[in-house]
Structures are given as structure tokens and as C-alpha cells.
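Input: structures, listed below.
Below are two complexes that have chain A in common, paired first with chain B and then with chain C.
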Partner chain A sequence: MAILNVKPTRMELSNLKRRLATAKRGHKLLKDKQDELMRQFIGLIRKNKSLREEVEKELQDAFKDFLIASAVMSPEMLEEAVSFPKESISVEIEQKNVMSVYVPVMNFKRKLETDAGSIYPYGFVQTSSELDDAISRLYDIMPKLLRLAEVEKSCQLMADEIEKTRRRVNALEHRTIPDLEETIKFIRMKLDENERATITRLMKVKDLINK
Partner chain B sequence: MIYMHKIAVIGDKNSVLAFKALGLDVFTVTDDLEARKTVNRLAKNQYGVIFITEQIAQLIPDTISRYDDHVTPAIILIPNNQGSLNIGMNRIDKNVEKAVGSNIL
Partner chain C sequence: MDRMAYTQAVVRIRVLEKRLLTKAQFNLLIEAKDLEEVFRLLDETEYSKSLSQISRKEDYEEVLGKELKSVYATAKEISPNHEIIDLLALKYDYHNLKVLLKEKFLNKDFSHLYAPVGSQDYQKVKKAYLEGDLRRLHFDFWEAISSAQEDFLQTMDPQRIDIILDRFYMNHLYEMAEKTGIDMFLEYVKALIDFTNIRSILRLQKMEKDIRFSEDVILPNGNIDKDKIVYSLHDSVDSLIELFRNENIHKFLIKGLESYQETKRLTDFEKCMDDYLLDVCRKAKSIHFGPEPIFTYIVAKETEIKNLRIIIVSKLNNISPEATRERVRDLYA
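Up next, the complex of A and B:
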């Protein structure tokens, strides 16, 4: 470790002592923050992973249904059938502060445009039943998919913050604090040395005068 | 602070058309330039969640990672009708590695 580039004076010594106290306090706080973030992150990422596995599997099934539907129906008819949805989904995003990380809290608002009878925005005459299957399956997946969005985004943001915090903790622990301690020791030694030098000089002078 | 946001789906036509019936805004793109423009436009226009198929996402990794440290929009990868490319899973693993230092799952 390197000794900081400062003059060995009393004033500098007390400054450095103050800085060391702050650094130690900061280190402790950041370490606590890192531990807590990590604890929450581990739980969240597990949920993230299992949710994604489920969603991917179910989405693929739904897409398969839709593929069959699009094979049975003409593309124009298909597009026409789904073009005018009865429902509209919007999302209300609130920001929650978890250990100084702003994570989104999403509340989904589903709004039916007309009667609440069915989720299908088309008549049954020109469309195939495969399309109904695909749509209803997608409709069932939707809540999970939206939940995934919330969890995955939170994980992403928290991972970034954990990385940043870890760097800060390490910088304080392995660089700033040892540097400060070493410099404080150096200044103290230097001041002691000066003091001893003064005493010997005084003794020498006294001897000279007595002679 | 509570804002209302919209939800978008980006992908190839055959995969994402079905989402239209559920009331999401669907944008079909074919190449990377178009995809990039669409993502950036949506991010500016109050879209809170953007679902994008992995097939499109792998063309524009830089644009997607641009929004990683923003609270909105949340860009979420979904498989398309040809199956999953595992990019979404890899992103989770990468997050774990970034946070913990090694993959513990």
C-alpha cells in the first residue's frame, strides 16, 4: 500500500483520522447494504428463473396453436379477426425503493371495451376453433407474462446495483482504509521522531551551556 | 409517482399477431434497423413494457442493453413460434453472475 502524498503535520494527521472514521463507517454501511441486496436478489432471481421457464413453455404451446390456426385460415381473415381487440391492457408503474434501487411495481389494468361476455374480439362464423384455443391460451398466460416483466426488470436493476456496491465496498476495504491507516502511522512516526530530535537537541544545548 | 404506460410486442408477424387480440400494441419488424428504430421510438413514447422475440432481439443486443439500467421500459424477451433460443435464460444467468460473481443456480 502506498502512503498518501501529504505533509507530516498535526493538522494533516487529524484530517486523516477524520477521513478514516468516515471511510470505516461508509464501509460498514455499504457492506450491510450489499448483504441485504444480495439476500433479496437471490430470492427474486430464483422466482425469475422458474417463472421464465413456465412462461416460455406455455408461450410456445400457444404459438403452436396459433400456427395451426393461421394454417387453417387465410392470412387476411386472421388479421382481420384479431385487429380490433375488445380489451385494452395498460400498466401502472410505481417505483419502489429497495435499498436505494428503484424497482418498478407494475399494476396491470385490463379494460373491456364492450360487454364482458367473451374475450374473443371476432365472430365465430368465419374463424376456426384453433384460433379460439390460441387466444384463450394466450389470455391465460398474460398475467404470468406481466409478472415476469416486473420480476425480470427488478432483477436486472438489482444486479447492476449489487455490482456497483461490491466495487465500492472492495475499494474502501482494500484501498482507501489501508492507505489511510498507513499514512496516519507514517505521520505519527514522523512527529514522534521530530519530538525526540527536539529533546536531544535541547539536552545537547543545555550541556553546552553548563560547560 | 404513478404513470400509466402502454405495453408493446415486437416480433415477426406470425408470432406476435396473436397478442393483438389481447389488446397489446403489436409492431411487426423484419430487419435489425427497423427493430432498433421501433424500440427507441417506443421507449420514448411512454411504453412501460416491451416484449420482443428472441429472434429479433439477437439482432440488436446493444439497443436492448441500453435500457437495462432504466426503470422503464422493461424489455422482456419471449420465444417466437420457432422455439426458444435461450437468450432470455442466458440473460438471467448473466445477471446472477454479475451480482454474485459465479453462477449459483
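Up next, the complex of A and C:
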């Protein structure tokens, strides 16, 4: 705790009082923001966890399918089949504002939107249908994978924001407000002291005059 | 074709056939508890020599690749007539053509994707293609490359490269089989076409493609009429079973279709397909003068290699013996 470096005047006192009021209001607002952020963050984290587990499990299954496909086809033919993709997918990213945190919202944009089979870029004679299954499975996971990326990034951004808010709240709570309060108290005491000194002096003067 | 010219070849093949892995050996391999054991078991077979040349177990592809190469080399050495071997090697030629075209259009290096077996030397084909001198190639290849290339430049669709080359491959194969004048080869190719067609139809159904697309994919020259297959695109599996009940290949086909109906996966269907093709080749067992046994030996050996790959990959990834057994193909022996 420290007393701020100000002159103990009435002017400063009212200034400080104003600042204290602002700081208290700010503190309350930030505290509310922190609570709300925390609430949303916890929900998001839970979602993230379940989504992650789901995606990991599905990916594992899809890779297993892929392995089986690689078992029934020769590796050269397998790689040749998937070497030249027909479809290209881009990701569209938009922003969403959650408690003044800008979180991303991602969407796929397929080039060949109308053709459901465009994810299979190969012929049918030399390839195994196990490869179809593996690819379709991998493709099915993609939207979930994108959701996961979105949620995970949001969590990260939210965590940053929460930390920043918490630091502000703490600074206000443990530093600014006590400092202000103390300084106000100090100035008030000083002013009171001055007043008392004046009164005493006046009394003394009066006394002298009376004598 | 002079059947007597094959007398010695058939004798040599009979000896080689004895060295194929037996059913008992495969059972042991499937039940093996890990890759270590698989390799130990393989060490007691024909594969021991190439096994000793690799340092890491994960390089098993090298062993299988070497074995495939040596099978073709031996067959070429034994057979007085290379056309029989080319019948089976042709798929690698067309695979190489696909790689070649994709390599060119993508401007990438795919040299590791070329299959070293094949009736033509792929290096020569590549050189001729890059120099723009296609006339040096066999006419069929020339035609196949130029149509695939032309189509790609127009549609920019890489899938069509595969589809067009597949079509040329099957036509080429059919013509070659017809030229040999041997019934078994023709039957093999026709069954291959039929099975491939029906498999394609099922896959196209899953991919929700339209009739126009399937017209391009479904191949002619099979025992089953092309149109009959193309127009069955929107039929249910039940009606497909009904539709093909009277075809030559029905026994294996229906089995495959029924299992597809149950599981919605073509795993069994593909196994049935390979099993039937091997079954066609079994006729060669009773042929002592003629080219059939050489053909059959290569088919049997390719099946063996495929089976080994299935087993090794399964062991590498801890897939259960039951699931492995589902995929392992029948043996010739």
C-alpha cells in the first residue's frame, strides 16, 4: 500500500473521490465480465473435450480403414489413385463477438458443391472399394474437425481474454482501489489536522487578545 | 498356338507350384501373435532369401515387390511366348501410364510410384512420351495416352484419366486374350470385367453418381451385357441378386452381393471376386500341354503376395486374426 504522490488539497480530494468511484464501478463491471467469460469458457472447454475425444476416436477408425485399404492394394496403385485430387476445399473464416472476444467461425467451401462423389479422384478398375470407405469416412470427419479447430481456437482466445480481465480486476481490487482509499483517508486526515491546527491557533490568538 | 511348345515350361511350373505357401502355413501366419512371429515363419519359406536383405521389418514392401518382380522374371524365362505373361503384366503398364500422365500434369516427381513389372519398360515409355514421340510405343498405348491427355486438357478432371485408361486397359486386355485363342484366358478376362462392372455399380450407387457417369465407367466385353449393368444403377441389392442369378459367375457373385447387403461393405465381394478368378484358373491343374499353367502360376503368386500383405499390415496394426481371415483370399494349392 502506498499513498499516491499528490498534494493534500481539497481539490485533489474531490478528484480522488471521483477516481475512486470510477474505479469501483469499473471493478464491478470487469468482475461481471470475468464471471460471464468464465461461464462461457467452461462450457466451451467441456464441448472441446467431448468433441476432441469424438474426433480422435473417429480418426482412429478412419485410419484403420485406410490401413485395410492399403493392405488389399499395392502401395504404388494406392498412392497413384489419390495423387491427383479432383476436389479442392477452402475454408471461409468469419468473426463472431463473444463478450468482446473475436472468435472465428469457419466454414468449408467446396469447389464442386453439386457432385457428391467428387472426393474420389480415381478410376474403378484397379482400386478397392475399401479405399472408398476410408476416404468417405475421412471426409465425414472433416466438418467435425473444423468445428474442433474453431472451438479450440475460441478457447485459446477466451483464455487470453480471461487472463487479461483477471489481471485488470486484480489490479483494481488490490492496488488502485486501496491506494485511492488510503490517499483519500490521508488527505482527509491531513485536512482535518490542518483545520484543528487552525482552530487551535485561532483559540490561542483569541486567548492572547483577551489577555 | 502350339501347345507342345509348353511341355517343358509346364513341368518347371509344376515344381514352382509346389513351393507356393500352403494353407497350413497361411493359417499359422494369420494366427501369429505379432510381426516378429510372421517373419520367423516366413523365414522357413521361399521368402527367406529376400527377407535377409532388409534390415527393418517395416520394409516388408520391398520383399513383396522383389518377389513380384522375380515371379515375372521367372515366368518370362520359362515361357516360350510372352503374350501370356503380358496378359497379367498389362495392368502395371496402364498403372504406369496413369502415373506418367499425373506426373506430367501435376509437375511433380512420382518416380517412386512406377511399378517395375509390366510388359513395357516404363523408362522407355516415359522417355518416348516426354519427347513427344508416341509412335515408338505400341499402338494401343499410344491411343490410350493421347485420348486421356486430350480429355484431361478439355475437362481438367483427373478422375477421367483413370477412367479412360481403365477402359483402354480392359479393351486391350480383352483383345489380347482373344488373340491367344485360349478359352481359359477369355473366361478369366470376361469374369474380371463382369465382377469389376458390378463392383463399380455398387460403388457408384454409394457415391450417388448418375447414369451418364456410369456409362463411362462400366466396361464392355463382359459376359453380362453392358447396358444391363448400366441400367441397374438404381436397383436395390435384392433386385441385383435377382437380375444376375443366371449368369455364369452367379455362385460367387450372389455370395458377394448377399454379404454386401448385410454389411454394406464390399470386403467380401472383393474376396469373392478374387476367389472366383482363381477358381477359373484352377482348370489349369489338369492341363499338361499349354500356356494355362504359367498364367495360373502368376495369378496364384500374385494372390499369395496380396495375402501376405494383408497379413503383415494386419499384424502391424493389431487387427484381429478373424478380421484378417475375412480378407485373406483363397489359395490355389
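Going forward, the second predicted complex is superposed on the first by the 199 of 211 C-alpha atoms of A that agree within 3 Å, B and C clash if a C-alpha of one lies under 4 Å from a C-alpha of the other, contacts with A are read in each partner's own complex, and residues count from 1 in each chain.
In this section, contacts are C-beta pairs under 8 Å (C-beta built on N, C-alpha and C of every residue); 3 or more make two chains touch, one makes a residue touch a chain.
Everything numeric here is computed off the predicted structure, so don't read it as measured data.
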Touch check for A:Leu4: first (chain B), second (chain C), both, or neither?
neither
More residues of chain A in touch with chain C or with chain B?
B
Going by the contact rule set out at the top, does A:Met77 touch chain B (first), chain C (second), both, or neither?
second
Taking the superposition on A as described, I'd like to know which of chain B and chain C A:Leu191 touches: first, second, both or neither.
neither
Could you look at A:Lys86 and tell me whether it touches chain B, chain C, both or neither (first, second, both, neither)?
both
With the two complexes superposed on chain A, say which partner A:Ser128 touches: chain B (first), chain C (second), both, or neither.
second
Does chain B (first) or chain C (second) touch A:Leu20, or do both, or does neither?
neither
Contacts of A:Glu150 with chain B and chain C, given as first, second, both or neither
first
Can A:Ile68 be said to touch chain B (first), chain C (second), both, or neither?
second
Would you sort A:Ala171 into first (chain B), second (chain C), both or neither based on which partner it touches?
neither
Which parts of chain A are in contact with chain B and also with chain C?
64, 67, 70, 79, 81, 83, 85-86, 120-122
Which of the residues in chain C end up touching chain A in this complex?
61, 91, 94-95, 98-99, 102, 105-106, 108, 110, 112-115, 157-159, 161-163, 165-166, 169-170, 196, 199-200, 202-204, 206-209, 213, 217, 219, 265-267, 269-270, 306, 309-310, 313-314, 316-317, 319, 327
Which stretch or stretches of chain B touch chain A in the complex?
1-7, 14-15, 17-24, 48-49, 51, 68-69, 71-72, 74, 76, 78-81, 83-84, 88-89, 91-92, 95-96, 98-100, 104-105
In the complex of these two chains, what residues of chain A are touching chain B?
38, 41-42, 45-46, 48-49, 52-53, 55-56, 59-60, 62-64, 66-67, 70, 78-79, 81-83, 85-95, 102-104, 106, 109-111, 119-122, 134-135, 138-139, 142, 145-146, 148-150, 152-153, 155-160, 162-163
Quick check on the complex: what are the chain A residues that touch chain C?
64, 67-68, 70-72, 74-77, 79-81, 83-86, 116-117, 120-126, 128-130, 132-133, 136
